[in-house]
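In what follows, chain A forms one complex with chain B and a second complex with chain C.
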Partner chain A sequence: MIKRQRLILLFIALLASPSQAGVVVIVNAENTASDFSQRQLVDLYMGRNLYFPNGQLALRLDQSPSSEIRRTFYESLVGKSVAQVNAYWARLLFTGRASPPQVIRTSKGLLQAIKNNPNAVGYIDEKELEDGVKVIARVN
Partner chain B sequence: MSIKFWRSLPFQTGFSIALGAVLLTLILSIAVYNQTIEKVVTDSNHRISQLISTIERSASIAAYLNNDELALDVTRGLVKNDIVTGVSLRSESGMRIISGSPFNFKEESILHFPLASPFMPDEKTGELFIKPNQQNIDAQAKQMGALLVFTLATHSLMITIFVIFLVQNRLTRHLTDLANTLHKIEPGSAERLQCPTLHRHDEIGLLVRDTNQLLTAVQNTLAGERRLREYTETLEKETRKEAERDPLTNLLNRRAGERAISRALDKADTNNTRCAIMLIDLDRFKPINDTYGHDAGDHTLVTISNRLTDALRKNDIVIRWGGDEFLILVQQGHDDLQISVIADKILATLSVNIDINTSIQESIGASIGISLYPDHGTDPSYLFDLADKAMYHIKRSGRNGYFIHTPSDTA
Partner chain C sequence: MPLYTLTCYRDVSQHPLVLALIWLSLFPANSLADDFAPNRFSFNGFATLGAVRGGSEALGYRQDVAEDGVFEDDWSLKTDSLLALQFGIRLSDNLDAAMQFVYEDRATNGIKESLKWAYLRYRFSPEFTARAGRIGFDLFMLSDYRQLGFSYLWARPPIEFYGPLAFEYFDGADIGYSAPLGIGTLRAKFFAGSSDTAVDFIDDNDKLRLDEAIGATVNWETTHWQLRVSATSVEFSDDLQQTYGTDIFIAALLAAAQLGWTDAEGIAEQIELKDVTANYYAVGISYDNAPWVIQTEINYFDAEEHLFKSYSGRYLSIGYRIASTTLYGLMARGKQMTSRDKIPAPPAALAPFLTPLQESLQTLYDFNYINQHSVSLGFRWDIRYNLALKSQWDRTWVEDAGGLLWDQKNNATQKETIDTYSLNLNVIF
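Moving on to the complex of A and B:
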C-alpha cells in the first residue's frame, strides 16, 4: 500500500517538477563514510545510531519543515509524512536523550554546513550537487 | 394401614424433583462457574491486549531507540492498571526495563507481545512481557461465578417449587385423596369414588371410572353370595326340621324327641323343677287300621296328634314314639305339677269319637304310663322304662286309664 502510494506520489512529483530527479544523502568529501544502506540511514536519521562507522558523532541536518525535498526524503526513507516524523520526535522530547536533526533553512546553507563540518550529514536534490560533498546514498 | 410420610406419594415425588433439581443445579453451577472463570480470564487478556495496542507505538520506539525513559514511561503506565501486576520491556539490543512486582517469565499466565520497529514493520526490535493481576482476575471470576450460580440456584429453586406445587396440585393430591377414600370404602358397600372435575377426561378419570366399575362388580358379587348363603341356610333349616319331624303327624320323631327330653331334663335340673313323662298307647288303633285301611289309620293318627298338641302347653313336648305310641313330657309351670288333671284331660280328649269317613265314627281310647322326674329317677332311659312298665300295668288292668309309677311297685 505504502509502496504504491509512494510510486504515485513520485509520479506526481516527477510530473509537477521535473527538476527534482532524486534525493541524495551527502557528507563532507573528507568523511570516510560511504554507501549507507537504507537501514543505516533510517537508524541515523531516526536517532537510533548517531555515529558514523568510524566512531565520529554525526551532525544530522534537516531541510525546512515545509520544503518539498523534506517531504520526499521522509516519504521515501521511512514511508511517513513530515507531521508523523514530527510527532515521533515530540514523543521523545521529554526524555531529553533523543533529539531531532538540526534544521537548515535552505539547500545552499545545508551544502555550506556540510562543507564546513567533516561530521555533518544532510540531503539535497540531486540537481543541486556541488563539489566538496560526497554522496553516500540515494533515497529514491 | 397408614402410609409413612417418607413413603407417601407427595413426599416421594417432591423429594425426587427436589433432588433432581439440586443435582442438575450443582452440575450446571460447576459448568457455569468454570466457564465464567475462563471467560473472565479471556476478557482480562483481551483488555490487556487492548491496553497494549494503545502503548504499542511508544513501546516500539523505546525498544528501537533503547530509550530507558520512554520504556519506563510505558511500563509504569501499564502497571497503574489494576489488571496488570508486572511489566517488562526488553529490546533486542539488551535493554531490560521492569515495573511492578518481579515475576518469572516462564510462568504460564505471562502474556508476551513482540515489538516491531516503528519504521520497518518486518524487523523485531523488542518484546513486552505482561503479568496479569491474577488476584484481581480470581476475585472478579469468583464474584461473577458466585452471582451466576446464585441466579441459577434461585431460578432452579423457583422452578422446583413451581413444579412440585404443580405435581402435588394436579396429580399427587388427587391420587392421595382417591387412595384414602378407596381405603375407607367397605367391600360391597354402595359408596363410590368421586372424580375431581379437572381430571374427568384424563387417566385419573379413567382410574376412578374403572375402580367404580370394580366396586359395583364386587358389590353385586357379594350381594349374590349373601342371597345364596341365606337360601342355603333356609334350605338347611328345612332339611333339619324334616329330619326331626315325623312326616305324617309333624310331631318330633323318636330320635329328635329323646334329644329334646334330654335337654328339657337338664333345664329342669338347673331350674330345680319337676317333670312328668307320659307314655301313651292307643287302645283301639290296630282294629281301625285293619278294618278301614291305612288311610283311615293315618287320619286317626293325625287327629290324635293334633288333639294332644292342643291339649298341652307350648313348652310341653309331644313325640311320636312308635306306630301308635306317643310320649309326652309335661313340665312344671308356675304351679305344682298336677299330673292327674293332665292325664284325665288327655284321656278325655282321646276318647272323643273320630270321624273315619262321613258315616262312621270311632272312639280310640288310650293307656297312659307315667314316671316323674326327679322323683323316680334322672336318667331319661330309666324314666322311659318306668313309664313303659306303668303303661303295661294299665293295659293289663283294663285299658283307658293312667297309672303313675310307684317305687314300691315291683310289677
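Moving on to the complex of A and C:
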C-alpha cells in the first residue's frame, strides 16, 4: 500500500517537474555582449531598450506562442503569462512604440538565425545548446 | 435545403466583422514569418466583436460623444465592434513609417476619419525619436490604444473618464525621449499639431476642430508599476459656435434685449464661443503584479465657457486573476466642476413671447452638462494568447440633465439609473 502511494507520488512529481533543465539567453558567438543582468533582459524583451551595450540594434527572437519554453521564459523573467505579455506587446505595437520580438517556431530555426546574425538574441532550452552561440544569461 | 443554406450564408456575410474575426482568430499572434532577417514590412491588426444592451428611453448608450446611441431594449453589435489594420514599413534601421485604419461606427464616417495614424518616424539615437504626420493623442493611461480591447481588462474604457475625450489623433509632430531611471524606464514626449473629430452634439455630421494642441506626457514604468502625468493646451477653431448651433440663439437674445429683457445680453455673451481655449491635465497610476491588477486615473479639463464647463473624470479599477480569468470591479465618476446653469425668467410682460426662448436656452445648457457615476463588475477570460472574451455589467446613475455622455433623445433628461450589459470578443493578429 505504502509502495503504491510512493509510486503515485513519484508519478505526480514527474508530471509536475518542468521538462526544461533551464532556459538560457543566447547571442551569436561573435557578439561582444556578455553577462546580461535581469534588468537588461527585461528591458530588451519588454521593448524598453532595443539596443545592445555596443549600440547595435538587437534583433530579438521569440519562441512559438504556444510553446512551453516561451511560457517558462516570461514566467521567470517578468512573472507574467504569455497572454499578459501579448496584451502588453499589443499596446506597444498598436501605439507604434516598438515591435515585438520576431517569432521563430523551432529551437533549431532560432539557433540557425542566431548563428547567421551577429545582432540576434534569443532563448532556448539549455539542453539544446550548440557551438557558434554564446550564453549571456540564465533565466531560471 | 439549398435555399436555407444560402439564407444562412447571406446572414453571416452581412456581418463582415463576424467573418473577419473568425478568420483572424485562426492566425498566430503576430503575422511574422519564420525568417531571421528583420522584417521590412509588417501587417498587424485587432478587432472587437461586441454586443451591448443598454440605454433608457431618453438616453442612448455610447462609448464616446462621436457615436450614435443604443436605446432601451436594443441590442447592438455595431456600437462596440471595430476592426483595425496596421501597416508598417522599415525604410532603414533608423527610419520607419506606419499607418493604422480603424473601422467602426461613428457619427461621421469615411476613409478620412478611419485613418488613425500615418507617420514617418526617425530614431536619432536609442534615447530620442521624432515623428511627423497623423499621430495618436498620448494623453492618458490608455494613450492611443483605447480601442485595443485585447490590451485592457474592461469591456470598454471607463466612459466617465474617456467618453468626453473625442479627439483621438492630431496632425503634427512629436519628439520622444526614453531612458532608464531608477528601477524603471522614463519616457517623455512633447507634441504639437491640429486635430478634428466627429461629434454628435446638436446635429449629425458635425465636427469639432482644434486649431492648435500642444502638450507633454511623462511616463515612468517598471515591470509592475506605471505612473503617468500629462498636460495639454488646446485652442478650438472659430467654427465652434456653428457646431454648437448658438448663432441663432445669440441673434434671438439680442432681439430680446431690444424688447427689454435685461438679462438677454449677458446670456448672449455666455453662449458666444469665440477664441475658446482649454487646458487638459491627467494623472494615472497602475499596478500589475499577479494576481492583482489595479489602475486609477483622474483628469481635469479646465475651460471657462458656460457651454463648455470645466470637467473632471476619475475611476478606480481592481482586478484579481484566477488562472486565465480576471474578475474586476470598477467605480467611475464624471462631473462638471460648476453647477448646472439656470436661465432667468424673462419679465412677466414679455413672458408670452420669450418663455419659449428661455426654455430652448435652458435645454441648450442642459444638453451640454455631465453629471454621472457608475459601478461595474465583469470578467475577462483569455481563451488563447491572442483572443479574449469579456463580459461586463454597469449600473450608471445619471443626475438631472447630466447626460451629455449619452445620446440624448429628449432634451431635458430626468435623473435616471441605467444598466448596461456587454459581451465582447477581442482578438489581435
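Keep this in mind: the second predicted complex is superposed on the first by the 121 of 140 C-alpha atoms of A that agree within 3 Å, B and C clash if a C-alpha of one lies under 4 Å from a C-alpha of the other, contacts with A are read in each partner's own complex, and residues count from 1 in each chain.
Note that in this section contacts are C-beta pairs under 8 Å (C-beta built on N, C-alpha and C of every residue); 3 or more make two chains touch, one makes a residue touch a chain.
Just so we're clear, the structure is a prediction, and the values are computed from it rather than from any experiment.
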Which superposed partner A:A113 touches (first chain B, second chain C, both, neither): second
First (chain B), second (chain C), both or neither touched by A:V42: both
Larger contact residue set on chain A - chain B or chain C: C
First, second, both or neither for A:T95, with chain B first and chain C second: both
First (chain B), second (chain C), both or neither touched by A:T32: neither
Touching partner for A:Y51 - first (chain B), second (chain C), both, neither: second
Common interface positions of chain A, toward chain B and toward chain C: 39, 42, 46, 48, 78-80, 88, 91, 94-96
Contact set on chain B toward chain A in their complex: 57-58, 61, 64-67, 69-70, 73, 118-120
Chain A residues within the chain C interface of the complex: 39, 42-43, 46, 48-51, 55, 57, 59, 61, 65-66, 78-84, 86-88, 90-91, 93-96, 99-100, 102-105, 109, 112-113, 116-117, 120
Interfacial residue positions of chain C with respect to chain A in the complex: 28-30, 32, 34, 36-39, 42, 44, 46, 84, 86, 88, 93, 98, 100, 117, 119, 121, 126, 131, 136, 138, 143-145, 148, 150-152, 178, 180, 183, 185, 221, 223, 288-290, 324, 382, 384-386, 388, 428
For the chain A and chain B complex, residues of the former touching the latter: 39, 42, 46-48, 78-80, 88, 91-92, 94-98
